[in-house]
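Next come two complexes built around chain A: one with chain B, the other with chain C.
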Partner chain A sequence: MPSTLTIPWGNADWNAILPLGVVALTPLLVILADLLLPRSLRRSVVLALAALGLIYAGFLAARGWGHPYSAFGGGFVTGGFTIVFQEIVIAGALFSLLLATHLGRDDQAGGAVALLLWSASGAMLMAGAANLMTIFLGLELLSLALYCLCGLAARPSAREAALKYLILSSTASGFMLYGMALLFGATGSVQLSAFAAPAASPMLFTLGSGLFLIGFVFKLSLAPFHIWTPDVYEGAPLPVTAFMSVVTKAGALAVLARFAYAALPQANAQAILVPLWIVAALSMIVGNVGALAQTDVKRLLAYSGTAQLGYVVAALAGTTSLGLRYAIFYLVAYMFMNLGAFAVVALLSREHEEGSHLSAYAGLGYRQPVLAALMTFFLLALAGLPPTAGFTGKLLILASSVDAGYAWLAVILIVGTAISAYAYLKIVLAMYARGAGAPLQRALHPASALPWLGVAICAIATFVLTFYPLAPSDVLPLVK
Partner chain B sequence: MIAALVVLPIAAGLALYLVPRSAELTAKWLGVLVAFACFVIAVLGNGQPDESLRWLQRPFTANLHVGLGGLGYWIVLLLALSTCCALVALRIPRQRDFVAQMLLLLGAMSGVFVARDLLVFALFWDLMLIPVFLMLVAWAPRRNTATAWRYLVYNLSGGLALLLATAAYGVVEGSTDVIGLSVGHGATAIGAVWGTWIFAGYAFGFLVKTPVWPFHTWMPDTYADLPPPAVAVVSAVQSKAGLYGFLVVTAPLLPDQMRAATTLMFVLGLVGLVYGALVALVQDDAKRIVAYSSLSHLGLILLAAFSGNPVALAGAAVYIVAHGLFSAGLFIVLGQVEEREETRLLSRLGGLGEIEPKLAGALHIMVLAALGLPGLCGFAGEILILTGLYQAGAVWPTAIALVPIILAAAYMLRLFQHFMHGPPREDIPQRPDLRPVELLALAPLVVAIVLLGVYPGPVANSGVVAGPNAVVSLAIGARR
Partner chain C sequence: MNPYVPVGIFLGVAAVAATAFVLVPGLLARRKPNPAKSEAYECGVEPTSVVGGHFPVRFYLIAMLFVIFDVEAASFYPWAVQMHALRAYGLLEMAAFVVVLAIGYAYVWRKGGFQWR
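Right after this comes the complex of A and B.
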């Protein structure tokens, strides 16, 4: 048969993956630069190259707006949804680069940045993945690079973090693969679009989708699959933690949403998804309660991430189109407020010590008033207090849950928010309370211009999104 | 123009951080100037057309809608006046930061009373927590932050319940741009099930904020620990937000639920009325006496708000402003006593009237206004409320409400007697009498107390107090 000998994909197919192709190929240039340039120039050139590659990819992705296309026989779908998630991934990666002024030693910078970009390209693939194989490909590309990055820092907890992440994440991948096999067995297809038809064996299908969802719930670190997160966040270098807290989540959420919205038979979709809403509710409570006891800001943000992603998933309850838009809005808001907080931590970091312990914040309001005020702003945003995007985002989620008939989720969200205020404002209290004795004098990190840029952008975005809640309108349908 | 009431103080409060920390006097007089400017803007802005910008289109309509009129106008005047007076005689460590927080508080609270959209109302409702929390943290006596937490936990719970109720109202009604409308006049009645829950959410927020027994336990500590200028503004205005909410939000929009809750609220109001007065009788800390007297007085206003009688409602409007005036005055004078004598315990003070006659005179006027002497503002409100309650057929509640009014004379005169009469105590510092600037701080309040006492008409008639639409007109005059 001659058709098997020709490559059946045309230009349009390759165009569809061009943005993530750019992100995946930029690391080659990065490594080359790392190899050829003198040590003094390396870090800045490497960071600049990576940023340019990401910005170009972002531009390419945005160009596809309004031209949905199903590439590679339905394996990769472009459209509003894909583009929005790809842009979130790109923005998250760019912000992580801003914090990467002290990522690893100088001779590690090139490799680390390359891994970061490969990981981002995996998340971008997940954003458009519409069959089980592309999903798995994207997920592994994302994860493999992260295993290495987690162990980058020269401290024992880094190795613990990397190993813990590797083992637990592989286990989750195992669950997911088994689920994928069952899904294939039940439907005879790997295409998500084929799952919407009633399965030959509904029992098998339900079991398969349950295992499949567990894999992604793990990646989103939703309770009760969140136990790994605080340790990994604490051990990984700060830019990598920041990257994981947004990019991994965006990639996993894209797949989860696509699966929940487009890959389930109409008849029993809501029944299959009920455990997911329970997981979201659990995350909102467990994440916030866990955050209460933390004295390390990175660990606190890990628990906070569990709760925040719980809010995002709660927005999907009932799988309404409004809910999807608000989930995306909240994810974007979360990206800005969360990365803003990470950027402040980066500014407080010194050569061998990350500024994430609560003691680094004691009296900060009197030593660094501007930085403390901005940190307060981001923490208020995470707690959902006005005037921040967190407030508007939570309101929209509340409204859409009530609208979709999930008022109980809205009530749990409110309870979780009340608990979370205590966790976040604990840091505010440390910054403004007059502690005993003279406050520790800490100089800011010398190479601190780039994190300041991150802080500024995040603060402006967090404020502006309060009053202009730009929820993308053109996100459905998710498969063709 | 009306939006300037919110934007100007907040912008000025943030800009104040640019003033050098050592320029304490500059900061203070800038603060006074801004507060006075707000007063002028409010006077000029009364009756001006509303200002509105689109905020949300889906899942319900919400506008950044502000307007000035009715009861809100008088409270905004009270707010600007009390802030102005509190700042004039200010002497506090880290004065610049304090003035900045006071201006942020001024802006946030103005927002509550000019909001014409429930969502804007909820936004400022939560926003006004933050400056008070920060002041409790940064100026806590004995570095005791437990009060700050208690304030936050109570008020944020109330604020979140209110936010959830707002989201639910928006989903059910389709728009939150409804303050100033009423059922049958632009707004539709909410059905029984949703209406009850929405009312419960709002009522919880309002009861905690006022506070009404049994939600008052945060209040005595907060009032005792806040610096006097801040507590003057908080007790004068922030505690009125809950009552304003009952009159302006729930009475017109959820009238059936209001009626259904009358008995419950009467019980809560009466218990608070009697309990507050009894506890005030035995307190040793002067600030706590005033705090518990507030609990008592605000219970009376709650009765009026739920009586539905036009005369009582007019009385509620007068008494809201009156209580704001004399409680601001009382707390400012108590601050002046404490500044001189380094204590505010009744058992430690005595005979100040001989050493500091002007201070004694100022305290005398405030005390008389608080215990309801005819000719001063307290009496005008009380007599209207009691007459209205009697007219509404609530004979027993009226009779019970009379008792605490007599007790008010007892605890207020006890306070005055311990402070000013008797032989001068040997063991307290002998300090000079009120400075001219301190008299200047009290003069406007005294003038307003007398004016409102002899001519309460404009406040009482801030709505056309007649007909079934009385409450709405009380709310904002007429919606423009």
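Right after this comes the complex of A and C.
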């Protein structure tokens, strides 16, 4: 007579991953819709289904606010921190869908949207992952779908992007796995909460967490692990680039913040964190200097993303609770101003050509005054000028990093901002310069009006967040 | 004794043995090649093409599909062994797994993944 195995988790555990489950199951409906519907309806139904699934998941996630719970034997933790990052992921995926009217051929749209959602569910898993297993599961779920999405466009640079991302990202995953193995060897546990106690072998622990961090610094494309970013961003289809620039980074940042705040033992925290602050400082300089030479807006936004994430990681310096709140605020502000710029690029795109080259912006201020004004607004926000959320966010990060005793990071942030202003204003200059060659007289022919919705929401949010810097309290990454 | 010492010894033995197996035949073996000996061994069947030749890129799709359905079959085994112990929970889990896989199967089918193009 075989004994009955008891299942070690119950309803509450399944409830904790319900939002994630909805995002992971919606693609099945998307695929079925893609198979069963006539070609003319396909793309719109697929996009609508995906958007509904994401919005529903957003509501489900928000419902859990104020009810921290440790599910699946401590593998997945819900609560303020997880929910904030999950909502950022959902919002980022929704904005990418707004731009996805151009994603792939008609018969690829269903598969592409499904992959996008699966990738988002990986990022949502990373947002709540509290042991090494779930972290790796989330990361691979996120990455595997992205490898395919990067190569979707029918141009050689897309294949280059996909292959580059596959090889480099797998290498980074290898580093990370090795780091995880060493961490397990040093502490005898895969739980992040077990790392907080002093490790039996501090040397092994430092080595392991160093390798582990390399993997995540790569995913965040912080310098000096950012080299892949411009090429991959350029080759990937525009919605996928927009998705990567927000969702991947939100997922990786969640793990990084949880690791730095909840798992590092006090005894050797400094030895591990100092390299991280150096990486943040390097990113602020390298990202902004690299942006200077770019003539393609997607490449420019890639370097800009490196620098912006440098600011976010700088806010975590000192691992104060205020720093974490400001980092989250800046991440949200970055999402809006960055995706706003991507939506403008989407509006300038045509059937077979993405409007990302600088020449597409020559004289835009006279052809499309509203669009040019909005693009200027987003670029000024990325540069951190008032009255934009970028300004408020940078001010708060400056305050918190000086307060935490990292004044040198604040100085580098200011220097980086000064350099970046030149890179962003180059595009503004192209849009408003008169007489520099006859501007191409071409009207907008976007595939749909949906990106306008994205531009509008992002512009309003970037403006409003300037005056209401909503930094949620109760977001400390509990691991129990 | 450090618990890693046996592992170290094992690694050493493995490295020495593997190196020896590769190098020693080259030093000691007598060489008397004839055409039948130099041929690639394919279970006694006459080889039809060069060994290191090219093969169509179309095989990558077949290889990928094979791995997916192979993994599927592999994950049925442990469930089948523990089916009575896992009860309805196991059955539901497996049903969910098969449904997800079936949708993938339908997708590949309809998109022409099984056609030799």
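We adopt the following convention: the second predicted complex is superposed on the first by the 472 of 480 C-alpha atoms of A that agree within 3 Å, B and C clash if a C-alpha of one lies under 4 Å from a C-alpha of the other, contacts with A are read in each partner's own complex, and residues count from 1 in each chain.
Everything below uses one rule, namely that a residue touches a chain if its C-beta (ideal position, glycine included) is under 8 Å from a C-beta of that chain, and two chains touch if they have at least 3 such contacts.
Only a predicted model underlies this, so the values are computations on that prediction, with no experimental measurement involved.
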item	value
Touched partner set for A:L144, first chain B, second chain C, both or neither	neither
Which superposed partner A:I7 touches (first chain B, second chain C, both, neither)	second
First, second, both or neither for A:T417, with chain B first and chain C second	first
Contacts of A:L207 with chain B and chain C, given as first, second, both or neither	neither
Which superposed partner A:G111 touches (first chain B, second chain C, both, neither)	second
First (chain B), second (chain C), both or neither touched by A:D403	first
Chain B or chain C, by number of chain A residues touched	B
First, second, both or neither for A:I31, with chain B first and chain C second	second
Footprint overlap on chain A, comparing chain B with chain C	none
Of all residues in chain B, those that touch chain A in their complex	17, 55-56, 58-60, 64, 119, 122-124, 126-127, 129-130, 133-134, 137-138, 140, 143, 145, 148-149, 152-153, 156-157, 160-161, 163-164, 166-168, 170-171
Chain C - residues contacting chain A, complex	82, 84-87, 89, 100, 103-104, 106-107, 110-111
Contact footprint of chain C on chain A as seen in their complex	2-5, 7, 28, 31-32, 34-35, 107, 111
Complex contact set, residues of chain A against chain B	322, 365, 369-370, 373, 380, 385-387, 391, 394-396, 398-400, 402-403, 407, 410-411, 414, 417-418, 421-422, 425, 428-429, 432-436, 467, 469
